Amino acid sequence: MTVEAKSVPVPVIVASEEMQAVRRRALRRQRLNRGMIYVVAIALAIWIILPIYLIGSMALSSPAGVRTYPKAIFPFTDISFDTMSFFLQSEGILPGVINSIVVALITLVLSTLIAAPAGYAISRYIFPGRDFYRLAILGVRAFPVIVLAVPLAVLFIRLGLFDQVHSVALMHTALTLPTTVLVIGSVFASIPYELEEAAMVHGATPLQAFRRVIVPLVLPGIAASAIFTFVMSWNEVFAASILTLENRTLPAQVLNALNKSSPEFQFAGGFFMLIPSLIFIFFIRRYLFNMWGQVTK
Amino acid sequence: MNRKRRNWTPYLLLLPSIIYLALFFAWPMARALSLAFWKEDARLSLRTDASFTSPTAGSLPQAATVAILDTQGNRIAAGTETSAITEVWYRMSAADAEGAAVEGWVLGDRVRVDEESDGVPTLGRIRAVRRSGADPQTSVYVEPGSTRGEVAARLDAQTEVNILESATLEVWYQISGVDENGQTLEGWAQSAYITRGEQDPSSGFIQRGDSAEWTLDFIRTMLSDRFFTSALLTTLLITLITIPIQFVVALIMALVIQARLKGNLLFLYIFSIPLGVSELAVGIVFFLIFTERGYLNSFLQGLGLIDHTITFISADTRPWIIIAVVLAEVWRATSIVMVILVSGLQAVPTELLEAAELFGAGFQQRIRHVILPLLKPSIQVALILRTILAFQVFAVVMAISGGDIVTTLARETFRWYSDEIRNPNMAAAYAGLIMLISIITAIFYLRAVRTQQELAA
Amino acid sequence: MAEIVIENAVKKFGNFFAVNNVSLTINDQEFMVLLGPSGCGKTTLLRSIAGLGMLDSGRIMIGGRDVTYMPPRERNLAMVFQSYAIFPHMTVYDNVAFGLKMRKVDPTETKRRVQQAAELLHIEKMLDRYPSRMSGGQRQRVAVARAIAVQSEVLLMDEPLSNLDALLRLEMRAELKRLLAELKVTTIYVTHDQIEAMSMGDRIAVMRDGIIQQVDKPNAVYDTPADRFVGGFIGNPPMNFIEGQVSAQNGSVNVHIGDFAITPPEGIVPALKPFEGQSVIIGIRAENIETFTKPTDNAMKVQVLVVEPLGSQNLLTIKIGTSIVKVATHPDFPAAPDGDIWLRFPIDKVRWLHRDSQKALAPV
């Protein structure tokens, strides 16, 4: 084969008319498919957002607005914070919020402190019992947690720990620990051990290598897992209700008041409990797969 | 993963979590089971004499009615610890209504102490009897301990007495009752275990026993509880409807995410919002939609589809409540399934799908022959997780229906432990049932959905 | 008959032309190798033929049928993927039978063909096994068996041996060559390994930057590369390129490397003549340069820089002007670093290239 200069224009041969039609059809089908997927995606998104939007519009309207019927299809016509402030000033709500935050913070700290070394161990070492440990942790995570609440309540009564914020936190730590271990394990696993080795080769002690190289790299992942722990504790209602009487957390307080309360209270309460999760899930969205992808491996 | 050294470090690192889970997971789990089957005060043992050292004559079950034949007080040294109910008796001297000198023992409750020296009572006064129809006088006995003993004298109220001596007594009752086998037993038991009849002090019942026993009582009570069948069936029904819907929706979501549209990350965020939303809040939201003056009625009326509001949530509309609960559960928990499926899908190499397409598989065939089989491990995990969580549905039900019209197993657990009843045994029985069906389902799934790892092993 | 004709194929990714106006004809039952460095567009072209990517313009005909925009499953072809793409959840049997099942071939025929394909690839004893318990080489065989079981007239292979270790690759290479010769299918084989291309292909199409640089039989591509890229890409060591000045005296044309002059063969003289006073590039393969230990006619004195004994030959590195030249000698040839030797370029083995376009000057 002889070589022609690249620049010589060649008559462009195109596919047959029939094939062009096939192509047009294929492209149209592709565009249609894509359009359909968009429609499905948007429909699903609306389905997710709509309930939040509805309760938001209720919580942010005046008490009179909450009671109107029929409800406006396009709410947010009169924005008012009266309903929210009514809820926040209701009896037991502010202490409940404080209790919830305290419980969630204790849970977060305890859970992360206990889970971090375990997560490091299962991602960095191979040892007999490792698979069993992982399996056991998975089993614990899948277990019906409400089973734990009653005997713990009995125990806490005996120990004089009943109806205290930190006893709820102890229970919540047990609930969140398995997830935290698996997540932190996957965070560590995503950082090659060679980095630690490289640091040690260049003169760092194992502890320095860990602190200077690994900690900065895993910190965002661990922060994400801590946030998720916080959200799980913030949301938990069953155990919190069983383990407290006076010192209720926010969900326990709302649950307890549910039957005796006005719609304003309920809707504002529902919205108030929902807000933190909206924000937190936004911050940790890129770590979600770290958290749940892990379970299938 | 990389370090292959055998040393103790990993075990040390795991230790805190193992200890914690043993304390706050394994122990309560075992305890929950024992609470459901182990009745701590099931039986009261009867003694041949009014003493713990005497042999046991047999035992009666808790709640048995007994006749109280006799009482006896055993003197114990002052300051001795005892678990029995104690009575204080005084030996006293006084002058009766006729002025005759009286000396004998009187029950401490009958005397109001007026003077003490060094903590020892010296002077007192007979109390007035307030109860109508009761004996207005107070008996003085020759011996302390038994109100059936020989009466030395009788004193009026307000009589002044000199307290000569005081004695602390353990009180025993001689009782007779019928056990489960129809046998009549007689013997002595400490008064603390027995509640005496208000009207007829010569009879009573065994308030609690002194020895524990394995029992199916709680299970029996649970099975015959009026909410039991409804709770069990509703829980299973909700699970059965929710899970298939969730899996279909989650698979669609996952495929949408895998299509990598523009704005993919936004869709992913929106789809995962419910992951962090509180169960109770979701229940309240769906209550807002389904309540009579809620959005669904507003919407239907706005469209002119209905003239009057429909009552969705009432004792007569259980199906509607269950629909609302199912919708709430689907909304709330589909995200978890979605996230698990997406991470499973991401692990499916595109070349496999291309190969399938090249060798003639259409879209549906690719889903059936390639995607679903490869997603099996993810599906298995998601199924187990979701089903077990569905068995625990609680706050959504509480928020939507108040927890009485439609009830679930978790709600019954809560009911038995809530403020008014506070019966940990019954609560544990329900919790144990949830645990049992969870384990059965997990095993069923593990067997039904074999993963290729198992096949490969 | 399954002749594949590609005409003016263009495939863009954004502004990047992955396949830039490629035309290529692959004859029925021919083994065509697409060879090129990574990113040259060879895999993109293959995927366009398979239907896994759509051309932006141009036409692809298979067996006289225009398939340019047909979905892959209507093209009646088979493919072996780089990562094998064996279905991990299916047994070897189900993997091999996959294409047949999708085509709804009847069960007894399916069984027969799976058996036949398995025997050809020597995996008939593993049909019940799952791929996760097989070695890379065995998976490779399953992938090939799956492709030949459908008995399509066209077989596409995307770097099928690149994931195997060196020894296994050597073995599979020979086996694949024998197998495909028996099967008489039209094969397009993508690789970046020039030895694989040389040893297996009926013809080689060398690609670079989305353009086919040269299509020819392996030896022709080796001996007469169309341009400096092809000469440099094929062969180990690559072809040597030395710059020379063209001079014309008394009607005879010479090319000078420093003081040394080469007289080009008659055929090329007209092509060289227009470059009088300018430089051209002389291309010659290491093993074609003759070496002498003492001054010889038409030989050029050079100094040896490095001697690399390779067993079957010694490779000398020599500097001529500014160019580094590799010379292959018999292992017994006495050459030592810093020693002088004499080189002669057999003029019939020399390629003459344009200095700017770096393309071969065609003999007239």
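Letters are used for the chains, namely A, B and C, taken in the order the chains are written, and counting of residues starts over at 1 for each.
The definition used in the following text is that a contact is a pair of C-beta atoms (placed from the backbone, for glycine too) under 8 Å apart; a residue touches a chain by one contact, two chains touch by 3 or more.
Values in this document were obtained by computation on a predicted structure and should not be read as measured data.
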For this session: Would you mind checking which chain's mean C-alpha position lies nearest the centre of all protein C-alpha atoms?
Result: A
Exercise. Which pair, A-C or A-B, has more C-beta contacts?
Worked result: A-B
Exercise. So how far apart, in whole Å, are chain B and chain C when each is placed at the average of its C-alpha atoms?
Worked result: 76
Exercise. How many angstrom between the C-alpha centroids of chain C and chain A?
Worked result: 53
Seminar exercise, completed: When centres are defined as mean Cα positions, the distance from chain A to chain B in whole Å is 30
Seminar exercise, completed: For chain C, residue numbers touching 2 or more other chains are 71
For this session: Can you check the complex and tell me which residues of chain B touch chain A?
Result: 1-6, 9-14, 16-18, 20-21, 24-25, 27-29, 31-32, 35, 249, 252-253, 256, 259, 261, 265, 267-289, 291, 293-295, 297-299, 301-302, 309, 331, 336, 339-340, 342-344, 346-347, 377-378, 381, 384-385, 388, 391-392, 394-395, 398-399, 402, 410, 413-414, 417-419, 424, 427-428, 431-432, 434-435, 438, 442
For this session: Provide the residue numbers of chain A that touch chain B in the complex, in ascending order.
Result: 34, 37-38, 40-41, 44-45, 47-49, 51-52, 54-55, 58, 67, 69-73, 113-115, 117-118, 120-127, 129-130, 133, 140-155, 170-171, 173-174, 177-178, 181, 189, 192-194, 228, 231, 234-235, 237-238, 241-242, 245, 251, 254-255, 258-259, 263, 266-267, 269-271, 273-274, 276-278, 280-282, 285, 288-289, 291-293, 295-296
Exercise. For the complex, which residues does chain C have touching chain B?
Worked result: 50-52, 71-73, 77-79, 81-83, 85, 87-90, 98-99, 102-103, 130, 132-133, 146, 150
Problem set entry | In the complex with chain C, residue positions of chain A that touch it | 1-3, 5-6, 10, 12-16, 18-20, 22-23, 26-27
Seminar exercise, completed: The answer for chain B against chain C in the complex is residues 349, 351-352, 354-362, 365, 369-370, 373-374, 376, 452, 455-456
